[in-house]
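Shared chain: chain A. Partners: chain B in the first complex, chain C in the second.
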Partner chain A sequence: MMIPSAIAVGVFAIVPLLGMFALSMTDFHLVKKWDHEFGFQNFIKLWNNKRFINSINVMLLLSVFGVIFQVALGTLIAVGLEKIIPKWRFMRGIFVIPFVVPAVAVALIWLSLLTPTLSPVNDFFDIFGITVPALLTSQYGAIAAIVMADTWASYPFVMLLILAALQGIPSDLDEAASIDGASKLQTFYKITLPLLAPALLMVSLFRFIETLKHFPLIHIMTTGGPGRSTQATNYYAYIQTFQNSNVSYGAAIAVFLFLFAAIISYYVARANARINDA
Partner chain B sequence: MIKRHITAMLGAAILGMSASVVSTAHAADELNVLLFAMPYTRALAELEADFEAKSGMDVNIEVIGQDVFENRIALSFTGKSGDLDVVHAPVIQLQRWVAADWLRPVTAEIDAMETKDDILAGPLDSFVVNGENWGLPFLAGTGMMAYRTDIFEAAGISEPPATWAEMLDVAEKIHTNETAAIAMRVAPGQGFNMFVYPQIMRAYGGTFFKDYPTDLTPSMSTPEGLEALGVYSTLMNDFGPQGIGSFNFAEVTAAMQNGQVAIILDESGLIAQTLDPEKSKFADKISIAAVPSGPAGRSPAIAVHGLGIPADAPNPAASFAFMEWATSEEVLTKIAVSAGFADFTRASVAENAEVTKAFESIHPDFLSLRVQMLNDAIGHYRPLIPEWPQIGQAVGENINAAVNGLMSNEEALEAADEEIAEILSE
Partner chain C sequence: MRRQGKSPLRLLGIAMMLVFFGFTLLPIMWALILSFRPASHLFEPIWQSPTVLTLNNFDSLLRSDFPMALFNSLITAGCSTVLAMIIGVPGGFSLAKGRSQRRFIASWALLLLRMAPPVGFVIPLFLIYLNVGLLDTRIGLIAAYMVLTLPFVVWSSWTSLAQIPDELIEASMLDGATLFQTLVKVVVPAARPGLIATGVLAFLIAWNDFFFALVITRGNTVTAPVAVMNFVSYASVDWGSIALASVLLTLPTLPVIIFANKYIVQSMGGAVKG
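Moving on, here comes the complex of A and B:
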């Protein structure tokens, strides 16, 4: 049983990964004649590249704020549906809808909503003489716009996982707390939330790694702009590889992203183990 | 040699992870054509049965989005898979593709064409690199202005602005909260803001390089360049619609069609869409004019697209037969009439009675103004060097940052010069 799985992992995960590592060590360029150099020159160049450093800052802003809002909103709705107003559980299907919308469609929906001349939101507020600011033309506004679109599309994932985790918490714990005189809020903070911690940590990790792969939202909503305000590292790798034909440099950026995600995963897994042991 | 092949294979493998799956090899009497979406290519795909009936060959015309196209082409060319017979070839990418040996020259085939002289000389010449011709043009788009006659009349303005200085005056007179004065592309990219911005830059005497093509020292940061960027920033920020800083051609065209702006400057094919009553709410109140000039003259934008043969295409003769058919008078006329395609590249199409009638119904001066703008345009409006896509992207990002207030105009032009020098030195 192990052999087919090992072959599948080897062919579909390990081999492409090794290929990417090897390519990042070359000076392969689609257009320019290359000098058959093999070494760490791409990584040294990255270290001194202001655009690359900027892309990491953008990526971290998008990922950190994206995960915070997605986890907060997803958890809030899950707790609401499970603990506060269980009658509304049938609403789960409606809350899940954004999750099944393809990323390109999500980007187009939010682009329309945030483009003042196309947006029904702007038209509505215009009636009252209120001008809605154009988010996509300011540095942090554009980042906020992508975080909003990503939160809308991804909170259902968090909600579903947290709902599953909530259903795994025995209800007699709540009842015992209630008999001991704890309020609902105290029960949530002292009992439910600590028991949810492993699930919250894992869902945050999943979402964090997923947000490192931002592409359609950036490409369609801002094309990396204004200026380079939303050029996250993943998008910068695309620019280097496909627009600048600098494939080996793009591969070096991809290697950086892989290592970054691997390190984060390692530390989160360790934290998770500690929580479970406690 | 082995090392080169291994690296090329690695390159193809990595590209393959991001690109669509390439179709497999095909039969000898079958042609695979890959194009990116625009009115001409969509209309051409509908005519593929005509070519099959004429040639006895099967043809698969695949029309995909431009971004997917770029990835797919890189994968196909790098992997040397020989899966494509004819590809969409934008002139702006031509230098890069030729430098990478991705295309096959078609000079002899074009010289042997009986109808060669009917092809507009400018667009055909733009496919010449290193003395060889690398494609046949199907589209020659140029810059044009569309403006609202009712708004001009209400403001007491009798003529469209002929210069950028007049444009500033007119914009000030007609700008209101309900209808902004002017919209142009500002989104960053070599095909986005860098399609329209050089119209102002060159009109004020600004250039990308000190003396193209002999001296490629970057020269955007000059008093002329600064003045031009000042005009562009003022027009967009003071007289543009809200959110203009992220507008691309779709938003610019839609704003004109929906009556949210009084003037737009964009590509001739898109300007034609604002004059079409089926697509534009205010078509009967829109007229057209030349791109304004400046102290250094007029420099309308130009974009030429054509068809080329990949270097590894298995049957070049059949590929060229398709190219010749797809850019023939018959096909271009059909598409001009059926799809309102205004950017055709044959003189005979412009003289065709059916075409003339179709465009006169949109605007009596449309075809003649298009010819005038194409004549005024310079071939190297955007520099014809292999590094241009990279340079255009970098410059476009800096210009966009300046318009959106993320850096000053001076800083943006200095950064553009620095980055151009860096790209050329790599």
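Moving on, here comes the complex of A and C:
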């Protein structure tokens, strides 16, 4: 029964990946003449490429801050739903909505909210004579804008997984702690949070890898700008391949990202196996 | 349960939840309002003319290629989901119940395929499609979406099918059913909620895709997420149509919320337990 799946995964997924590895070792270019040079020259060029190094910085900024905010917000909301307002069931459904909004729509909605002439946020603060800075025109503002849009769209994923984990924690633990005189905050820090740790680690890794793949948000909200301040590595690979026609160079960047994902997914798979065995 | 009444901590907690509630809902309400705003009133504060609403954005959307793009999205995401389910569920079944010793490798490989950078898949696919004439075809896009949906379906159905008791399978085999009959007649019906969640999420993954469609499609088979970008031109940005298109793009995905959250969580996170 494994065979059809294995063949299909091979055809649809492994073949393109092999193609990516093969291309990265060539000097294939869609427009320029091809010299048939093979080897690691693309990777050596990458090592010395300031734009590539910049793209890694941007990628890590987007990922680290994105994951911190998403995990914090998702966890707070999950805990709030379970412990503060457990009776308002309908709230759960509403908090899930951003999760199903397609990334393109997320990007466009946030672009409209961050366009000063259009945004109701700017209109609102104008009443009090406060000018909201145009985030998308400054280097770190643009990064903050993408992190904000991504946080909005992705915290429900964290929230759902943490809710599931919270429901797996026996409630008599809370009761025992409260009988022993622990306050609600103490119970949360000393009992709930440690028990959530495996789920938190897992969901952080999951989101970290997802944020490395940012494309629609960058393409629609900033197109990598202003300057190159939001040109994350994945986007840089796209620019090199499809705008500069430098296919082999783009493939080399993709290989770098792939190896990065391979390391992280190894730890996710190991953590998963441990949870399943326990 | 002890009752604390309205302690300050609880009030603070409720205030916090209301702030998050606003953060969640305001962008959605803004998109809804924007999709009914006429172009003439776009750039004035909404509270100056809250009742000036129009259905004109529907007209301009219907006149564009957006309806066709929605259809393309539906076909390509739907076909790739169905194919991925037909091919992937037996794979998930054998991983869940087979005697394979390579489960760790399989789970790592599937995770890696889900997590690998899409640009790495798209570059070779683009070159292959360029040479065999699959660029800008629905079949090409469906095949490309299999890259996204198939590893997800195998991974996710593995999780749901692992929860089917072995006795059920053994009983069916003792009754003389083949392994395939057992899968179709016994295992799949027993795991239906989880498998539905798997299918729905696989559809969502393909439906939401922007990157593959941007590279692989041109005028003929453009999907809805890419077609929305046609309303953004250098001359003017048609915000009303963009907002309406974003809302329409989201509508088919809303039923996911209503589905049992439990199964969605299982499918998404694999075996994330507390």
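Everything below uses one rule, namely that the second predicted complex is superposed on the first by the 264 of 278 C-alpha atoms of A that agree within 3 Å, B and C clash if a C-alpha of one lies under 4 Å from a C-alpha of the other, contacts with A are read in each partner's own complex, and residues count from 1 in each chain.
Here is the rule we go by: a contact is a pair of C-beta atoms (placed from the backbone, for glycine too) under 8 Å apart; a residue touches a chain by one contact, two chains touch by 3 or more.
Since this is a predicted model, take the numbers as computed values, not measurements.
Of the two partner chains placed around the shared chain by superposition, chain B is the only one that A:239 touches, whereas chain C remains out of contact.
Set against each other, chain B and chain C differ in how many residues of chain A they touch, and the higher count belongs to C.
In the superposition on chain A, contact of A:19 is made with both chain B and chain C. Once the two complexes are laid over each other on the shared chain, residue contacts for A:144 go to neither chain B nor chain C. By the document's definition of touching, neither partner reaches A:62: not chain B, not chain C. In the superposed pair of complexes, A:229 makes contact with chain B only, with no contact to chain C. When the shared chain is aligned, no partner comes close enough to touch A:252: not chain B, not chain C. Looking at the shared chain after the overlay, A:264 reaches chain C, while chain B stays out of its contact range. Of the two partner chains placed around the shared chain by superposition, chain C is the only one that A:216 touches, whereas chain B remains out of contact. With both structures placed on the common chain, the touch criterion links A:113 to chain C but leaves chain B unconnected. Where the contact sets of chain A with chain B and with chain C meet, they give residues 16, 19-20, 23, 117-118, 219, 238, 241-242, 247, 250-251, 254. Chain contact summary for the complex, chain A toward chain C: residues 1-2, 4-6, 8-9, 12-13, 15-20, 23, 73, 76-77, 80-81, 83-85, 91-105, 108-110, 112-113, 117-118, 120, 123-124, 126, 152, 157, 160-161, 163-169, 175, 178, 184-185, 195-196, 198-199, 202-203, 206, 209-210, 212-213, 215-216, 219-220, 234, 237-238, 241-242, 247, 250-251, 253-255, 257-258, 261-262, 264-266, 268-270, 272-273, 275-276. Residues of chain C touching chain A in their complex: 1-2, 4, 9-10, 13-14, 16-17, 20-21, 23-25, 27-28, 30-31, 34, 42-47, 87-88, 90-95, 98, 100, 103-104, 107-109, 111-128, 143, 146-147, 150-151, 154, 179-180, 183, 204, 207-208, 210-211, 214-215, 225-226, 228-229, 239, 242-243, 246-247, 249-250, 253-254, 256-258, 261-262, 264-265, 268-274. Residues 16, 19-20, 22-23, 26, 28, 30-32, 34, 36, 114-118, 122, 131, 134, 136-139, 142, 219, 222-229, 238-239, 241-245, 247-248, 250-251, 254 of chain A are the ones touching chain B in the complex.
Those residues of chain B whose C-beta lies close enough to touch chain A in the complex are 3-4, 7-8, 10-11, 13-15, 17-18, 67, 70-71, 74, 77-78, 96, 99-100, 187-189, 192, 241-248, 251, 254-255, 258, 260, 386, 389-390, 393, 397-398, 400-401, 403-407, 426.
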